[in-house]
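The two complexes that follow have subunit A in common; it is paired with subunit B in the first and with subunit C in the second.
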Partner chain A sequence: MLEALLPEALLPEVIRQNLPFLLAGLAMTVRLAAIGIVGGTLLGLLVGVIRYARVPVLSPLAALYVEIVRGTPLLVVLFICYFAIPALLGYRTSAVNAAALGFVLFIAAYLAEDVRSGLRSVPPGLARAGLATGLSTVQVFRLIVLPQALRRIIPPVFSQYVRLFKFTSVASVIGVRELTGSALLVNAREFQPVVILATVALTYLVLCSTLSLVGRLLYARLSVRT
Partner chain B sequence: MSETPLIVLDRVCKQYGTTPVLRDCSLTVARGEIVVVCGPSGSGKSTLIKCINGLEPYQSGSVRFDGEEVGARTTDLPRLRSRIGMVFQSFELYPHMTALRNVMLAQVHALKRPRAEARARSLDLLARVGLADRAEAYPADLSGGQQQRVAIARALALDPIAMLFDEPTSALDPEMINEVLDVMTGLARDGMTMVVVTHEMGFARKVANRVVFMDEGRIVEDRPSEAFFGAPVTERARVFLSKIIAH
Partner chain C sequence: MHYQFDWSQVWQHRDLIFDGLLVTVALSVASLVPTLIIGMLIGTLGASGSRAARTAAGLYVEGMRNVPLLIHMYVWYMALAFLRLPPFACAVLGLTLYSSAYVAELVRSGIGAVPRGQARAAAASGLRPWQALLLVVYPQALRIIAPSLASLASQLIKDSSLASVIAVAELSYQAGAIEGQTFRTFEVYITIAVLYLALVLLVSFAIDRIPGLRDAPSVGRIADA
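This part shows the complex of A and B:
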């Protein structure tokens, strides 16, 4: 499918010859990013809401998680997910699964903070107005506070998504053959670093720009007008 | 009065930390009565009316609405609140919803009215406050006066038996005040029980049965409006009145 989108004749020789391999890498990058975005968003929402609502016991644990992850380099998080957690809990994992877990845990910590600050930014008077009309606390949260918070945090959330998309390249260090890892393998054989790395960089650029464009369009459509 | 009063506050006290906000406030509002609460800022007017629908907790005393103790742990607050409409100084319309959906929301989710019925009722109410043509507008596209009228429609949508107004015209430009006061006067004429915190003394004089004057968390005067405007008993109320009527 991806092949069809490319004007193959325009590609440099070395890319064309290794195209299926590189495209498989790209597919892995997209897959890791998608898992990270979906899983990270769900976990980030959960953690952010727990922090916002100051749920007893869970809230301090959530805060600890956010602090630990935000104070740890991504590469270390991936190593922990690949080596330490499986050793600790006694299960075997693949590099791909470990990377996917690492990206979810990593990006969720940042997204949780965006969710929390978004929720805090909704004026409390609106929640009070909702309560005054007989809505329950949970209904007020679900119908009034959360929808506005989510609209407000579209820009920071999409910039986290873009960061994550680029961060997937770090998975190559634990042996995942995503775009960067595949390109490095091709380069090891062909040794054409300029062409290969320029192609890789351009691919990231195009995809990241598309992702942030989606975010901007979504924000323009949904943003709360004040 | 033959009937039991709708709203009874009995020696309500509230403090934030050590700062008293309400001191021994007692107030009775009969069905169909219109009571205006006035007084200098910080005197506890807003806090007082928010005790009636349980938006403000209080430390001692009792608040009863239609015979039900608002502060009791067993009270179903959402159900009680759905019988009391409230209008706020800064409108508090939900900015991500159209005027129509603002008015529909609690009907659908608190009263569990079918959507079609809630929609029809909302359109009726928007027409009643003169905004039939702005149903699909978002709050940001409405003037302050229009927003406040939508907020009144939103409160009325629950078929409340009483309405609380917390400085409903204080955030409005002068030329928009009257469109809101007109709606409120219409409500009063239809027999709605109303407690109104306001500095609109013209409205108080014309519409209110009683005026309550507060100062430093205390109710210092509570008298029929003609008597209050004729000659306030307390010096504090006299000074206040002369100041706000002087300009």
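This part shows the complex of A and C:
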């Protein structure tokens, strides 16, 4: 399906010959990014709301999680998810699953901070007005505070998404055959690093620019006008 | 849980871990300095009046930050292998190009956040344009972007872990080496995670204590009035 979109004749020889393999890698990159974005957003939302609402017991734990993950490089997070946690708990995992878990845990910590600061930026008067009209606390949060907070944090959230998309390349270090991993394997056989790496860099460039453009368009449509 | 903890193996290899920590610090400092300089230049171009300069700065920023850092590392190490740069220099180049794009965006937005009246007032008081930039605009912009610059510095420290893929013997690389010898997977990776965390906390603690950066600039209000 992806083949049809590319003007194959324009591609360099080495890329054309390894196209199915590289596209499979690209598909894995997209899959990992999608899992990270969806899972990370859900977890980040949960952690951010827990910290915002100062839920007893859970809130300090959430703060600890956010601080630890934000102070640890992604590479180390992936190593911990692939080697350390399975060794500790005595289960076996695949590199893909470990990477997916690592991406969700990693990006959720950053998204949680964005969610929390977004929630805190909603003027308290709006919540009070909502309560005054007879809505319950939960309704006020769900119908008034949360939607406005989410609209405000579109730019930082999308820059985290773009960051995650780029960071999926780190999964190649633990042996996942995503775009970077596949390209390195192709390069090991063909040894044309200039062409191969330039193609891969350009692919990431196009995809990341598209993702951040989507963020900008979404923000232009949904931003809170004050 | 059947895992038997054995921290003595980590302790036995403390010299390797310490070496790695030193290389991580050296790599971060060696990259941070040119990152700040290039980022400041590109960011100033991005905030300038000339359309061509703004376009050039924009292209640099988009081109550099939309390519994964890992690819930056491989490009310098593998694609440009004929340059025969040592791995450490490749890592510095990769980290600098990648991070300077982020710094440039910060500097650009920082300059944009300084009220225009400030530069005009400086010009009216007889300062030359470069003096106005250096003495009036930059100090205020720096205060505005200081918190983001601090988080960028910790980002850079963490990102330096990717230099391990091109065989720079920094902290993550040493962790892999020790793990390969001892199989104390959990202990080794938790140890280096804690060390990274300590480095990052140390940096944010230190930057918080730089005098004059913590207090929010109040000049803007007066100039707006």
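Please note the rule applied: the second predicted complex is superposed on the first by the 226 of 226 C-alpha atoms of A that agree within 3 Å, B and C clash if a C-alpha of one lies under 4 Å from a C-alpha of the other, contacts with A are read in each partner's own complex, and residues count from 1 in each chain.
Simple rule for what comes next: a residue touches a chain if its C-beta (ideal position, glycine included) is under 8 Å from a C-beta of that chain, and two chains touch if they have at least 3 such contacts.
Keep in mind the model is a prediction, meaning the values are calculated, not measured.
Of the two partner chains placed around the shared chain by superposition, subunit B is the only one that A:147 touches, whereas subunit C remains out of contact.
By the touch criterion defined above, A:134 lies against subunit B but remains apart from subunit C after alignment on the C-alpha atoms of chain A. In the superposed model, A:17 makes contact with neither subunit B nor subunit C. By the touch criterion stated above, A:94 is placed in contact with neither subunit B nor subunit C. In the superposition on chain A, A:83 makes contact with subunit C only, while subunit B stays out of contact range. In the superposition on chain A, A:71 makes contact with subunit C only, not with subunit B. Once the two structures are superposed, subunit B and subunit C can be ranked by residues of subunit A touched, with C on top. Within subunit A, not a single residue is touched by subunit B in the first complex and by subunit C in the second.
Listing the residues of subunit A that touch subunit C in their complex gives 67-68, 70-77, 79-80, 83-85, 87-90, 162, 166-170, 172-173, 180, 184, 187, 193-194, 197-198, 200-201, 204-205, 208-209, 212.
Of all residues in subunit C, only 1-3, 62-63, 66-71, 74-75, 78-79, 81, 154, 158-162, 164-165, 172, 175-176, 179, 185-186, 189-190, 192-193, 196-197, 200-201 touch subunit A in the complex they form.
Against subunit A, in their complex, subunit B makes its touches with residues 53, 55, 78-86, 88, 90, 92-96, 105-106, 109-111, 138, 140-141, 151, 154-155, 158.
Across the interface of their complex, subunit B is touched by residues 123, 125-126, 128-136, 139, 143-144, 147-148, 151, 224-226 of subunit A.
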